[in-house]
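Structures are listed in the sections that come next.
Next, two complexes with chain A in common: one pairs it with chain B, the other with chain C.
On to the complex of A and B.
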């Protein structure tokens, strides 16, 4: 593509547009990046409550550091062009016939490709190092945290609530999500009816619960405190009301809570179906009375369980 | 196979053409929208009765405990009745019975007056206007649903609607926008302008074109009727098994989406064939207006991606009626299957919505910069690149779903790669701006609005493509803000640019420029003020489609709601402007008010029946602004024999 005039060259009378644009841009980009890193990053969601959340915070900040100069470059150029190269009254001539410029086109393509590939490499590293970045990895997780002393927590979604089973504590099922600080947690997310999504916001964990699928996600809570759990996949009428809260407590507090609750719930745990990675609500004999059966498939209206089961401890 | 060539004949004045058979009947006997409505009602009644007759005892959808057979059959028969009432099948029967079929050229010239817009017209200019009015109606209806959503979200706890009404409104808004707006540019501007831009007198398949339009009101009515059946609680995505479990409103969703799928396949097919076969002599691929390139790439996406959607909707319907269990995990189906099918269509779909916008702004830019389009080939390559890559990215919607985690880096890569060809569009714009003489007309303002908004939309897409960042952003209002920035801020701004740019050509009437500028600024400010805070709301943890949210997000949500009413007002200004200018003031427009080199501007406003007196011979690129001694874009009165010689030279039998 031949250029009839190289956009970079300027006639002596004209200011050096390219240099001006570059200077304005470099100043703006520097200021923006400094603001992002020092002012915004410490407050950037989802915070640093767990390893995955912390990595996501850094990841989002680094993406913002990359994005800001790109956006500012385009905006600076546009602003400069719109102020300097506008139509003046009485000037009915056409502009210079520039059809293209091989050098600039090649630079642009190579430049964007480099940024994109860098973002890809960085994203992949940030996916692998924090063990899947808190995203649901399906039944056969590829990336796991170091060590093997995972706390297993099963998250069961149904219309319209989450319940949690702790297989290492007798398979007890509670509506309370309590996690110990400093120990890797292995979430097993599944669903009894439609697709739900388990989003522990401050922990940086998000995993879909599909019926008949065990979706595993990892994180390691680093700070104690409360966090919000919301259903993140539209699951019907009361999707907006499908949320509850969880807490991260110290390891000893957790042991105390878990053993107390296990004892409290022993009677209920007995009538629950045995712990499994997935459940088929049509064939849970223990819950037969509470299951609506029509033509062999179960109706799913949020009442697989008797309202008292599982009980709030 | 020979290509049909229009004879080079002087055209009769409008309305002088020989009368087609059946023209003598009174107006209410001739097929038009009223007979179509009668046909639709009759068809629905027959279908509903048939459904009950066939399946009263056995076909119950087990998950929802409703009988969907009569509803589905009612919709299908109703649609056939609608088309039959319009006279879609009349020529087919005439041919079968050996009776004469009206000739297309006569159709182009014979019909005048407002009545032709309510008929099954084979004139691409009539279909274009039909599409335009239809699309504005659909857009405003879906926009009103959006206003309703924002009204409900004014308060985290106080409710204007109950949960079920709210979720119906969310579903109607999303589905109507995503399915009907996929033709918002290709329908009106593609059908109307593309033949003019490539120097053709017609589209390749006028019947498919008309059918593609008349399926859209059917889809619109079917979708809206879902409210009467209780709506559908699953948004525009319709994830199974929720959509299998849902009550009868879901049938409206599946049938409407399927009908619209068929409509956009037909529309796309027609565009591709027209561009390949109906270009005037001299209209080389390298001289094709960039808007036509965008129409071609979009059409390929439509033709290749939408059949997957139609298949998916068919599977959903059979799951709901005859329990085929494609998506029921207890019976060996998979909820992932629906997600894969849906997004294999759904991701190309969002580029079906984005590419026409790129085409429009790239077409408008050179005219108002008074410069050639910078890097024409780069722009075309960008569109083709986006179209190709869009088939390889759909799994990024499923990063948290638990499918194939080891493939996540791959889909992260393909998704991020797509920003390279998208960036070409910006390179082209920036190159065109260099030392330009920019005229801030209303179409230009809207085009600039697209570049501003789409940059935010596109860059936020890179955040979403990154798996770790996506873990926080997925399914939240961040995503919602992102795709509204690309579609509303991109496509709809481009649509408005196209309206202000081409409506004077299409209607022959000036639009009020002052109202246009007021419209632009209210829309631009209202839009950004509505959707920019939504990124923050999403990052702060508000999932999509909820009707209760955290109390600390109320201030931001209220700000967004009030801004959205401003945005709604701006659309009202647009509607008022169009009605005021075209119905009340009616100031005639000159043939070429923008001094454009585009071929469509070289004919009168509005273009004559049959577009061109003679097939033009294209002599140069439509973007040769500022080129010394540039030949005119086309010779509109080529010497006799030149066109047939050109076709003969190309080995085509004239």
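On to the complex of A and C.
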């Protein structure tokens, strides 16, 4: 093997470079990881407002903890090489020949394999434990929070506004997103027109809103306060303006808000379609038939527009 | 080819390129709907704004697009634009003349009047002969019940959502824009502008973009037609 053929390239006077590099690197890596964990992590996005957000924050911190030593090793070696092995005046000799080294090769392969496998296992666990990590799981979610006392909130996207329905409160619909602290929330995200994406940033929730599709995502708000909701899928001219703000309040305040709002919106709720996981906006139950075929709908050149009529030129 | 001809050709080509660049800058970058300024007419913390929505418009390129118009407060002329300017911290008394026929909203939630002072709008009809019906205050105009709503006027940033009543579905709609006659609704409501300046987009939530996917393209996504900006000056 090449390793056995490698000549002794280090003279007795030559310092032990590998040991020096290792010591420099281990000190830097330790300091960096301590700074990352104790100073940087509390400020990492998306914060710790919900279970999913808290896990995402931890995930990002652990990725940083893992990446920092690797990055520092490269920088340390680079700096050490520049300092110690740079070209000097009068030095016209070739550098020492480089041979294979079984130990280094094995360490590299095993080390990278361990890192990648650990990332795979860690990522999978972090997807399962926080019930899908706040991501949309489609209509048949695999991972759910413990218990059954979910608050169901339907998120309806429409160019360019989100509205929210609360099926456990008479199916009321509102432009306000209010959630209780400490209770698991089951979001059902859908759309009435084009593709949207419901992104409750500080809650660490992101789920696509596609017409005719029920996309389910979970989280449990842990702290009261405000959060931002943005559309995260380019959905037309005013996509950038499709945002609003939600609030996490105490369980008591939520019950008060929900019951009050349900009463205030009773007249509107009556004329909404029955709560469903998806809606076909071209079918209006109150008119008794497919609205595209309803006579007397005279607006906008004479009729209502269904998704395929006609294709945009 | 002689030298003068070659030089002449080069100059003509250069002039054509320059002219093209100037046209692009003027037509696409500097062009656009006008801004109607209501701030000079504001008085005592109040200002009156008047809009109309029509089944067509007076442009040559897209005459069949539905469109809003804004009334110039100085001369009462209708301006084909959706940009208007009002002062901050002011009560806006909005009047919308609804000349267009009805189309159901994709989400009937937009039937609900929100964000107006008092939570209602005042509606009355004017028939094709100019006869006015009685006015009444409503907090809900069901877009899914008979032929009720033509469009909506919404400023999401102010949580203002107002359905605009359509005229009698059996009457012939105004066919020349800006409309000055024909059956229409007159809808009045008031809201407060914020105490700080800014640009607030407004739009219609009825899918009235004929010929486009879901009815949401064309006029629904073009300034000067069914969406615009309310500039609030501080």
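Here, the second predicted complex is superposed on the first by the 268 of 313 C-alpha atoms of A that agree within 3 Å, B and C clash if a C-alpha of one lies under 4 Å from a C-alpha of the other, contacts with A are read in each partner's own complex, and residues count from 1 in each chain.
Note that contacts are C-beta pairs under 8 Å (C-beta built on N, C-alpha and C of every residue); 3 or more make two chains touch, one makes a residue touch a chain.
Bear in mind that the values here come from a model prediction, so they are computed numbers and not experimental data.
> Could you tell me if A:267 is touching chain B, chain C, both of them or neither one (first, second, both, neither)?
Only chain C; A:267 stays clear of chain B.
> On the A-aligned overlay, A:199 touches which partner chain: chain B = first, chain C = second, or both, or neither?
A:199 contacts chain B only, not chain C.
> Is A:236 touching anything from chain B or chain C once the two structures are fitted on A? First, second, both or neither.
Both partners, chain B and chain C.
> Where does A:173 make contact in the superposed view: on chain B (first), on chain C (second), on both, or on neither?
A:173 contacts chain C only, not chain B.
> May I ask you to name which of chain B and chain C touches more residues of chain A?
B
> State whether A:213 touches chain B only (first), chain C only (second), both chains, or neither.
After superposing on A, A:213 lies in contact with chain B but is clear of chain C.
> Overlap the chain B and chain C contact sets on chain A and report the shared residues.
Looking at chain A, the two contact sets intersect at 193-194, 236-238, 241, 296-300.
> Which of the residues in chain A come into contact with chain C in the complex?
Against chain C, chain A makes touches at 156, 158-161, 163, 173, 175, 192-194, 236-238, 241, 244, 265, 267-268, 271-273, 281, 284, 286-287, 291, 296-301, 304-307, 310-313.
> Of all residues in chain C, which touch chain A in the complex?
These residues of chain C touch chain A: 55, 64, 66, 100-104, 106-109, 111-112, 114, 139-140, 142, 144-147, 150-151, 154, 156-157, 159, 161, 166, 169, 173, 201, 203, 205-217, 220-221, 227.
> If you look only at chain B, which of its residues touch chain A in the complex?
60, 62-63, 65, 163-164, 166-167, 233-235, 237, 239, 241-242, 245-246, 323, 328-331, 335-336, 369-378, 398-406, 408-409, 412-413, 416-417, 419-420, 423-424, 426-427, 430-431, 433-440, 448, 451-452, 455-456, 459, 462-463, 465-472, 474-476, 539-541, 543-550, 624-627
> Can you name the residues of chain A that touch chain B in the complex?
Residues of chain A touching chain B: 1, 7, 17, 44-46, 52-53, 55-56, 59-60, 63, 67, 70-71, 74-75, 77-78, 81-82, 85-88, 91, 93-101, 104-105, 108-109, 112-113, 116-117, 119-120, 123-124, 126-127, 130, 132-139, 141-143, 189, 193-195, 197, 199, 201, 204-208, 210-213, 215-216, 228, 230-241, 280, 282, 294-300.
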